[in-house]
C-alpha cells in the first residue's frame, strides 16, 4: 500500500524552476532513494513533503489523504520525520535532551503533578529517559548522552539527528544526505544501520544521497531528479540502464 | 541596606524574569514595561476608586492586593494573548521593534485615557503594608515563587520545547513541536508576571504614571537579562538585583553616576558576553559549596 | 491650519525621521544590528551646531558660560556639526561595536553596549552644558525672511529648509550608494560580508564608513531640528530616535528608499492629527508600524528574508 504519494509537485523560486511536476510514491516498508546532481531539487522536494516549502503546483498525499496547508509540526504528527542536509541539532542541549525534545508528544503529563514533581511524574520522566537512552543506544550514542550536541563529532551529530527524528515515532523517515562527509567504512556502517532501523521500527525510508553505489545496495527503488524533473524511476538495475540517467550523470558519454 | 532600595531591586529581578521567559524560547520581546505599566494602573485605579479595595484602616486590606494582582496579571495576559499570535510571527529584531512600538502605544493610551490622570498619573495609592519591610517580605515571596516556577520549567517538556525553539525554531517544528503555541505561552507568561509586578509596584511607589512603561525601561530590563545571563533563570535575577541597585549605590559620585552606569552597561557585555551567570560558573559554585562544610572542621594547611 | 501648511509640516518632520532612519539603516545593513546610541549622536549634532554659530553655554554645566571664540554662519556650522557627530559615531563604533565583532559575540549584545554608549553621551552632555533647553536663533540664517508665501499659504522658511536639505542629502546618498566605488562596496558588505571580503573589499573600513555617514546624517538632522524647534535638553534625541526606529521598520530594514518613504508617511500622518487630539499623535507612527508589520512583516520596501534549510 502506498504511504506517501507526490503528485505533480512543482516549485518555483523567482525565475528558478526547482521542481517541475515531480511524481513518485513511497510504499509501506520500502527504502526509496532519491538521487541526482547538485541543484536537481532533491532537498526542495523534502522541504515540500515536510511542510517547510509550499509547492506552486501539485500536491502530496499521506495514506491517500491530501496534506495541503499543513505546517511542519502537523506533518510530523502525521508520521513523517526528517533530518537535514546541513544538520540542525539543538546545539546547546545535550544529546539526551535532543532526543527528549523529539519525544515531546510522548511526554505529556498533568500540570499540577509536573509542577510539584509528584511520584507519578518522576516515574514517567524516568521511563521517558529510558526510552531516549534506548534510542541513543541503538544509534551507538549512549556514552555521549550528556554531551552537548554542539560538541559532538560530525558522524555522531549525523546519527543524533536520526535518533531525534526516530523519537517522534515516524512511519516515514526522510534522510537528507546522511552519509555526507563520511569515509567508506562509515558509509557501510550507516547503510547497515539504516536497514536495521527500517526493520526494527517497521518504517519506510525516503533517502537522498550522492553516493550512488551505496544507494544501489540500500534502496528497493530509486527516482532520479535532474533540473527539477524526474527523469527515471524504478529498481536499481532499471535506473542504472536508463539512458537519460547515464546522460545526466556522465554528460552524454555512453 | 535601605528596605526601599531592596524592594526596588526585587521588583527589578521580577521584571528581568519577565524578559527572560520569551528569550528562553528565542523571542526578543521588549514589551515587559508595557505590561508592567498596565498592571500598575489596574492596581492604582482599583485601590483609589473602589472603597472595598482601599479599606478603612491605616493600611489597605491584603486580600485586596491579591485580587488586584490577579486582575492585573489577567489583563496583561489577555492583551498578550490577543496580540501574541500575529506579533510572534515576527523574528529577531523585527519582533523587538514591534514590541517597542507596543510599549509606546500602551504608553500613549495610558496617557490619554479619561480616567488615568493624564501625565500626572494617579496619586495617593493606599498602602497594604505600613513599612517598606512588609513590601520586601511580600515581594521576596513573589520572587521566590517565580524562581521556583522557572526552575520547574527545566524539568517540563514545555521547558525543553522552549529551549529547542531557541536553538532552532524550524527544526523544533519538524520534530512536531507546535512552535507558535509554545512561543505564545512564553509571551503570555511574561506579560502576566510583568502585570502582577506592576500591581505591587504601584502600591509601593504610592503613585503611578505612564512613565513606568517607557522605551528606557524596555532597554533597562533587557540590560538586566543580558548583564546577568540569559540562559539560566538565576542570571536575570542577579542582573535585575545588581543593575537596579547600581545607580543608587553610585549616588556618592554625584553627577557622574549615570555616566558610570552607562559605562557598566557598555563594558559588561564586552567582558562577560554570556552574562554573569553561566552553567560553568554555576557548576563551579556548586562544587565550591560542596567543599565548604568539610573545610570548616579541617585544620588550616601549613 | 490650512492644507499647504500641514503638508509642509508633515513633510519636513517626515524628512527628519527619514534622515534618522537612514542612519540606522546604514549601520543595520552592514552589521545587522540597531545602534541605540544613534539618538545621542543626533542630540550632539544639535549642540555642536548651537556652539558653532557662537551660542554660549548656560549657567548649569561644567562648561557654564563657555562660548567658542568665533561664530560661524549656520551654513558653515551645520556641515561641521555633522562632521563632529560623525567622529562621535566612529568612537561609538570603536568602543561599543568593534570589540564584539572581534569576539564574534551575539549581535544582541550590541543593543546593550550601544545603549550604554548612548547613556554615557547623553549624561556627559548634561554634565557639561546642563539640562536647560537651547534655541538656535533664526537670525543665524542671515537675511532670509522668517516665512514666505506659497500657493496662498504662509510657510516657515525653517521648515522649507529642513525639507529641502533632508531631501537633498537623501538624494546625494542614494546616488553615491549606487554610483561610487565605496558606495557599491558598502552595499556588497551589506549583501554578504564574507563574499565581499573575498572580493577584496575591506569590511572593517566599510563598517567605519557606515558609522561615519550615519553619524553625519544624524548630526545634520540634529542641527536642523535644533533650528526648527530648539534643543529641549540632552534627552531630546530619544523621542526622534524611537520614531526613527518605527520608520526604519515601516519602510523595510536595510532599504534606503524605504527609510525615506517611511519617514514621509509617518510625518504626514502625524501632521494630519487634529490639534484637539494631539495627545494621540505619538501613537500614529507606532500604530502604522504595528499594522504594517502584521500585514507585511518585512516592511513596505524591504526584501523578503530568505529562510535557508
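As written, the chains take the letters A, B and C, and residue 1 is the first residue of each chain.
Convention: a residue touches a chain if its C-beta (ideal position, glycine included) is under 8 Å from a C-beta of that chain, and two chains touch if they have at least 3 such contacts.
Computed from a predicted structure; not experimentally measured.
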Identity of the chain that, by mean CA position, is farthest from chain C: A
Innermost chain, where centres are averages of C-alpha coordinates: B
Centre-of-Cα separation between chain C and chain B, whole angstrom: 31
Centre distance in Å when chain A and chain C are each reduced to the mean of their C-alpha atoms: 49
Averaged-CA centre spacing for the pair chain B and chain A, given as whole angstrom: 41
Residue numbers of chain A (touch at least two other chains): 52, 84
Touching two or more other chains - residue numbers and ranges from chain B: 170
Sequence positions of chain C contacting 2 or more other chains: 307, 309
Interfacial residue positions of chain C with respect to chain B in the complex: 28, 32-34, 36, 95-96, 99-100, 103, 105-106, 108-109, 111-113, 115-121, 123-124, 126-127, 238, 242, 245-246, 248-249, 253, 279-280, 282-283, 286-287, 289-290, 293-294, 297, 305, 307, 309
Residues of chain B that touch chain A when the two form their complex: 149, 152, 155-157, 160-161, 163-164, 166-168, 170-179, 231
Residue ranges of chain A in contact with chain B within the complex: 50, 52, 71-73, 76-77, 81-82, 84, 88-93, 97, 100-102, 104-105, 107-109, 114-115, 117, 125, 164-165, 167-168
List of chain B residues in touch with chain C within their complex: 28, 86-87, 89-91, 93-94, 96-98, 100-102, 104-105, 108-109, 111-112, 170, 215-216, 219, 222-223, 226-227, 255-256, 258-259, 261-270, 273
